[in-house]
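Accompanying notes for the structure given below.
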Amino acid sequence: MPWRPDWAYSTALMTKALPPTRHIISINDLSNKEIETIFEVAQGLLQELADRNVHYRIGRSTDLAAKSVLASLFYEPSTRTRLSFESAMLRLGGANITSADPAVSSAAKGESLADTIRVISNYSDIVVIRHPRDGAARLAAEYSQIPVINGGDGSHEHPTQTLCDLFTLRSKKKSLKNMKIAISGDLKGSRTIHSFVYALARFGATIDPLPAPGMELPEHVDRRLREEFHSRIVSKAAGRSEAGGAIDALYVTADQPHQLALIPEPEDYGFIVQKKTDAVYVTRFQKERWAEKERPYPKIDAKFMRDEKYSEASVMHPLPRVNELDVSLDKDRRAIYFQQAAYGVPVRMALISLLLHLHKNKSLQQYPGGFAEPQHPVYVQPIGTGITCGNANCIVCDPAERQYAANKFYIVEDEARQRCKLRCVYCETDINEDAAAHFVMADMTRKIFSFGLTSLARVAAERLRHFVIYRTAAEATAAGFQPRETGKKAHTG
Amino acid sequence: MPWRPDWAYSTALMTKALPPTRHIISINDLSNKEIETIFEVAQGLLQELADRNVHYRIGRSTDLAAKSVLASLFYEPSTRTRLSFESAMLRLGGANITSADPAVSSAAKGESLADTIRVISNYSDIVVIRHPRDGAARLAAEYSQIPVINGGDGSHEHPTQTLCDLFTLRSKKKSLKNMKIAISGDLKGSRTIHSFVYALARFGATIDPLPAPGMELPEHVDRRLREEFHSRIVSKAAGRSEAGGAIDALYVTADQPHQLALIPEPEDYGFIVQKKTDAVYVTRFQKERWAEKERPYPKIDAKFMRDEKYSEASVMHPLPRVNELDVSLDKDRRAIYFQQAAYGVPVRMALISLLLHLHKNKSLQQYPGGFAEPQHPVYVQPIGTGITCGNANCIVCDPAERQYAANKFYIVEDEARQRCKLRCVYCETDINEDAAAHFVMADMTRKIFSFGLTSLARVAAERLRHFVIYRTAAEATAAGFQPRETGKKAHTG
Amino acid sequence: MPWRPDWAYSTALMTKALPPTRHIISINDLSNKEIETIFEVAQGLLQELADRNVHYRIGRSTDLAAKSVLASLFYEPSTRTRLSFESAMLRLGGANITSADPAVSSAAKGESLADTIRVISNYSDIVVIRHPRDGAARLAAEYSQIPVINGGDGSHEHPTQTLCDLFTLRSKKKSLKNMKIAISGDLKGSRTIHSFVYALARFGATIDPLPAPGMELPEHVDRRLREEFHSRIVSKAAGRSEAGGAIDALYVTADQPHQLALIPEPEDYGFIVQKKTDAVYVTRFQKERWAEKERPYPKIDAKFMRDEKYSEASVMHPLPRVNELDVSLDKDRRAIYFQQAAYGVPVRMALISLLLHLHKNKSLQQYPGGFAEPQHPVYVQPIGTGITCGNANCIVCDPAERQYAANKFYIVEDEARQRCKLRCVYCETDINEDAAAHFVMADMTRKIFSFGLTSLARVAAERLRHFVIYRTAAEATAAGFQPRETGKKAHTG
């Protein structure tokens, strides 16, 4: 890739992009093979308990982590995620420190996440963070010297929930390959859903979205499913599901890119539609992400599950539930949501032990440090400079964090490599390709060039490092750059 | 008991009524012998510390619970109860996970207690719960696979506080038998008092209530003391105590039912009144249970304690205190409330270790699993159906919990077995015996029969399982049943 | 000192003034030698980690405290202090119990600190407390049977932060002797600053205050620096620092009293001013201590640090920072604030292990129990009686604590021993020497004598124990004492 920018603005932060420490921010930070490794370790831990016939006492079963401390840093309410992480750490023989209420922490004094994480990473060996802002966990990881696990960041991702979901499905269905999964409810606000559909797509699943009205998958997730995970929409049903949600799409995903040819063409969608559903995954209305406190919302109940196509479908829910999943299903043999919650402990034990390199087994020690090699080149502008992510809830738009977070983007090529787009490194929202953009020469001349963002690939090829990008010429001017004619001006960054 | 209903509506919940796991919800879940066992274990743990001459360092003294995790689930403020449980667990070598603030837990997202406990019971080996609703701990226990300890539920009970109180009294007075105890303050709102008077009655105590005006023992507690614990009121003094509370009653309790004949008749009450008081038990105004923030309230101070009848009376208080117990008593040799707080740790260590079957000693291993055999038959209606507990603060009246909590009652016979009444299984409040009631045939005919609740024993004898009970015919009709004439109608439950 | 009062009003509290248990409330509770011992232990713990080449995994490195429990009792927000104490305890092999939110603790029910600490000291082996009131930690210590560490009390002190600061300076500069330190920001509200300047003075430092406008060192701190720590003001510059703060003073401190003669006289201040600064210590605006939410405030940034006199100055900050320390300095080689935070763990490990007598090494076991012998005699009035500290935020002025806190003062002599003043034992604020005062005979006659407070030394010599002191004759009368003429009257204390 000759056009990869060579980081004219490289700072200490840049070296952080590939730290020796492994962080789990997105489910896509883990390869399929690594996910399988986590599951094997989790299965081993469960087996150990079963062998000892420990029925009701899950207790502390190993001392693998006897010398380690986990920090829970929760800026949003949680019972399940925090306590299952802390229980997992205790069962590994480790210990916890907890900051569970932002109102009684240094955040109440106005401290930035970047400062907090640099301090906390001196007090513990691994940290799990939950935050209301999309991309917060990624920013934290950039400033952390210890592994950061994303325990949920805004509407972005919740990768360990997805690990639990997949582990539960795998236990039930024996394999993760080629499943058909219906997802119901607030597909827009639920970070759990986002991590889940990426993972499903990677394992070749057919995804059948049953969104609540107006709560479809976000456009950037939808596009990513299609463009990068090679999911194809095979259905655009006009009707409405029995649960009241419109069926907008049915994604069929190629297990491997080379299997693309095997995917049925849209005209074959009848086959896909008729395939029995392996699981119905239900999520609550994420009221904390919406202005309205009430919205029409589908309810999954015994009647819904009476449909023949769900006759063998496991019913899943990340919990907590409110009203969207009827209590009457609790006794249904297909209900596995409490098992799903229970698996939170062994799966998180496995993840922590691998990230801390606690296993003696050589193959598990080789569980690699460092992020996965990024799939896309990264374009970083100096902090306070250039085009900013358009997602108002992104961590880079938080006034307290702006001085620590560069405007930083993956440069994502489309399939045919004819054009590129910018994807925020933190929240993974794409900048609208059609947005007008203006490139400012970063050298002494500081000239403003006007190109569309879609011409990025071409510009990149001409050495992107020479440019700072702005949405409009006015923004560039406001930032202290002069129009091309005048040429010179002090940079206020 | 041929008339015991055979549970036509038995559901999965019913099997939960006798789980293999032991829960401590009420002090009455423990037999006198079991209470003595707890105290022997606690005494042993204290002795161990004394032998090692560990003066100020209480520390962690055993590793009995090295493999176990205690979950603290607190929906109401606490320092003492939560920290003493957590300290007890640490001193047993165990570990804790804590959810201490409902505002930062999943409850903030609208999760029910029933769901929460099912999840938490996968993360830990034993759970202590505090909740503002009466009966909440019982409901939690029904959904829990691990032992649930009631750390205080509304105005209902606080059994581990009572264990600490009894242990303190026993240490001071050598025996729990036949004591005379004055109880002062908010006898209505204080769950601590309720657990305490039941236990005192069971050990044959004379109880001398000194309530704040309008804060007498709840009627259902008073009646239960007299009808089931065979306490007799020997005094109905017209005057007012020096502390300002009216002396309404002096309960004298038979140590064993066969000792009833030994209890002095009312005309002998002079003897009882003159007996010196062994302890004055003071409680604060439970402002969180009352609409008013201020009320006239008795204050126990040096002057009050100067009364000759209190010359040997220990002064007790479950703490925290506000103004009802004067600071000047802190240095009085009779003040044992800080010792009472200190004993919270060894007593709770003993309880936890017994519930988790951690002792090698065979007789302690036999500390039985399962609830004590219920003293009364249980009548359960299908969830959402039938007569509801009349206590508005009962957990079954909580909208979020209603779908998980059946209207479930003990059928309590009166002494002469001539009539019965219904007692809520959760909050133990009785349904007013004189309430009109209507019994609906639960079979196909669904006819409404009108009987008074007092005829319950007769109805029960005729197989109660055929009936759902409603307070009024109108309620039965509103629930979808038709008057006797019309006969058939769809059941909307 | 023949005039030392012999404690006519001595109560149980008085014996608490010299408990066998060591508390760390003020940095002045530690001698310079003891501070050095803490640092040697901390250095040893760090070395141990380095030897084992444990790079990113700080973990739990010893089991010194395996049998001990630390209680964190935080009445104010904290992340850093609480988590670093808890991490320190875990790394020593110990365990923690935590009450981090006053809203969910017994304080919400109106419990006093004195009661809370008496209970908590039964649950743990050592306690760290943070409280919004000045002097709260000292009051807590008086009621505690286990060591109390002050984690910050109002605007008073924060001694463990100072230990971390000194340890960091010592690591960087090799010695604590004779440094020149600039302190910038809210010198009035920052307890961190107050502990820090006392310690600096004791190690012979020159202190260069750069206060925000109106946020100078409190007068009682300033006077104490001059009168007791023998600091001399050598500069009263009229100008303003580049950071916007007025330079009001430059304190030069004698390392040892006998070195007083070596201190340059004011006319030599040019030398002092020109000496290069060893560190610039920056603090945030303590908005929780001020009515206004915004104030003009100096910002330390790259431009400020470009001054030649700061060319070798370390930049320190106790964190959290808001805007007063520019992010651009993070990469400056002189920035050591994150290192400062990291040292919080080993320093606190050392302190805890010494206070709990956990070391086998004999010289470390000799780390003495008991407070340092108080430097000044203590004058205690019966609780509820006599002159009260004039600092409205002092713990003795808290209505909930008044019944537990005596009006208790150090009698501080001035250098020439010609007169004395009263200094509150809790918050260490002095009573204005010029305040009129009235001394009431505490014997049967209860006569009121009028002396000025400055005549205290003379009165003391005449046996202070015979007197209760009031600010005005009216106050004495209001408290139930009669003017000299009438003579007799019941004492209402």
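When the chains are written out, they are named A, B and C in that same order, and each has its own residue count from 1.
In this section, a residue touches a chain if its C-beta (ideal position, glycine included) is under 8 Å from a C-beta of that chain, and two chains touch if they have at least 3 such contacts.
Everything quoted here is computed from the prediction, not taken from an experiment.
Trainee: Rounding to the nearest 5 degrees, give the angle of the rotation that lays the CA atoms of chain A over those of chain B.
Mentor: About 120 degrees of rotation relates the two copies.
Trainee: Over half shared numbers or under half: where do the identical copies chain A and chain C land at their interface, same or different?
Mentor: Counting which numbers both chains contribute, under half are shared, so the two copies meet through different residues.
Trainee: Determine the centre-to-centre distance between chain A and chain C, using the mean Cα coordinates as centres, and give it in whole Å.
Mentor: Centres of chain A and chain C (C-alpha means) sit 47 Å apart.
Trainee: Would you pick out the residues of chain A that each touch at least 2 other chains?
Mentor: Within chain A, the residues that touch at least two other chains are 95, 98, 101.
Trainee: Could you please specify the touching residues of chain C with respect to chain A in the complex?
Mentor: Against chain A, chain C makes touches at 56-61, 74, 77-80, 83-84, 86-87, 90-91, 95-96, 98, 100-101, 284, 287-288, 319-322, 327, 331, 338, 341-342, 344-345.
Trainee: For the complex, give me every residue of chain A touching chain C.
Mentor: Contact set of chain A toward chain C: 11-12, 21, 66-69, 71, 95, 97-99, 101, 103-111, 115-116, 118-120, 122-125, 145-146, 356, 403-404.
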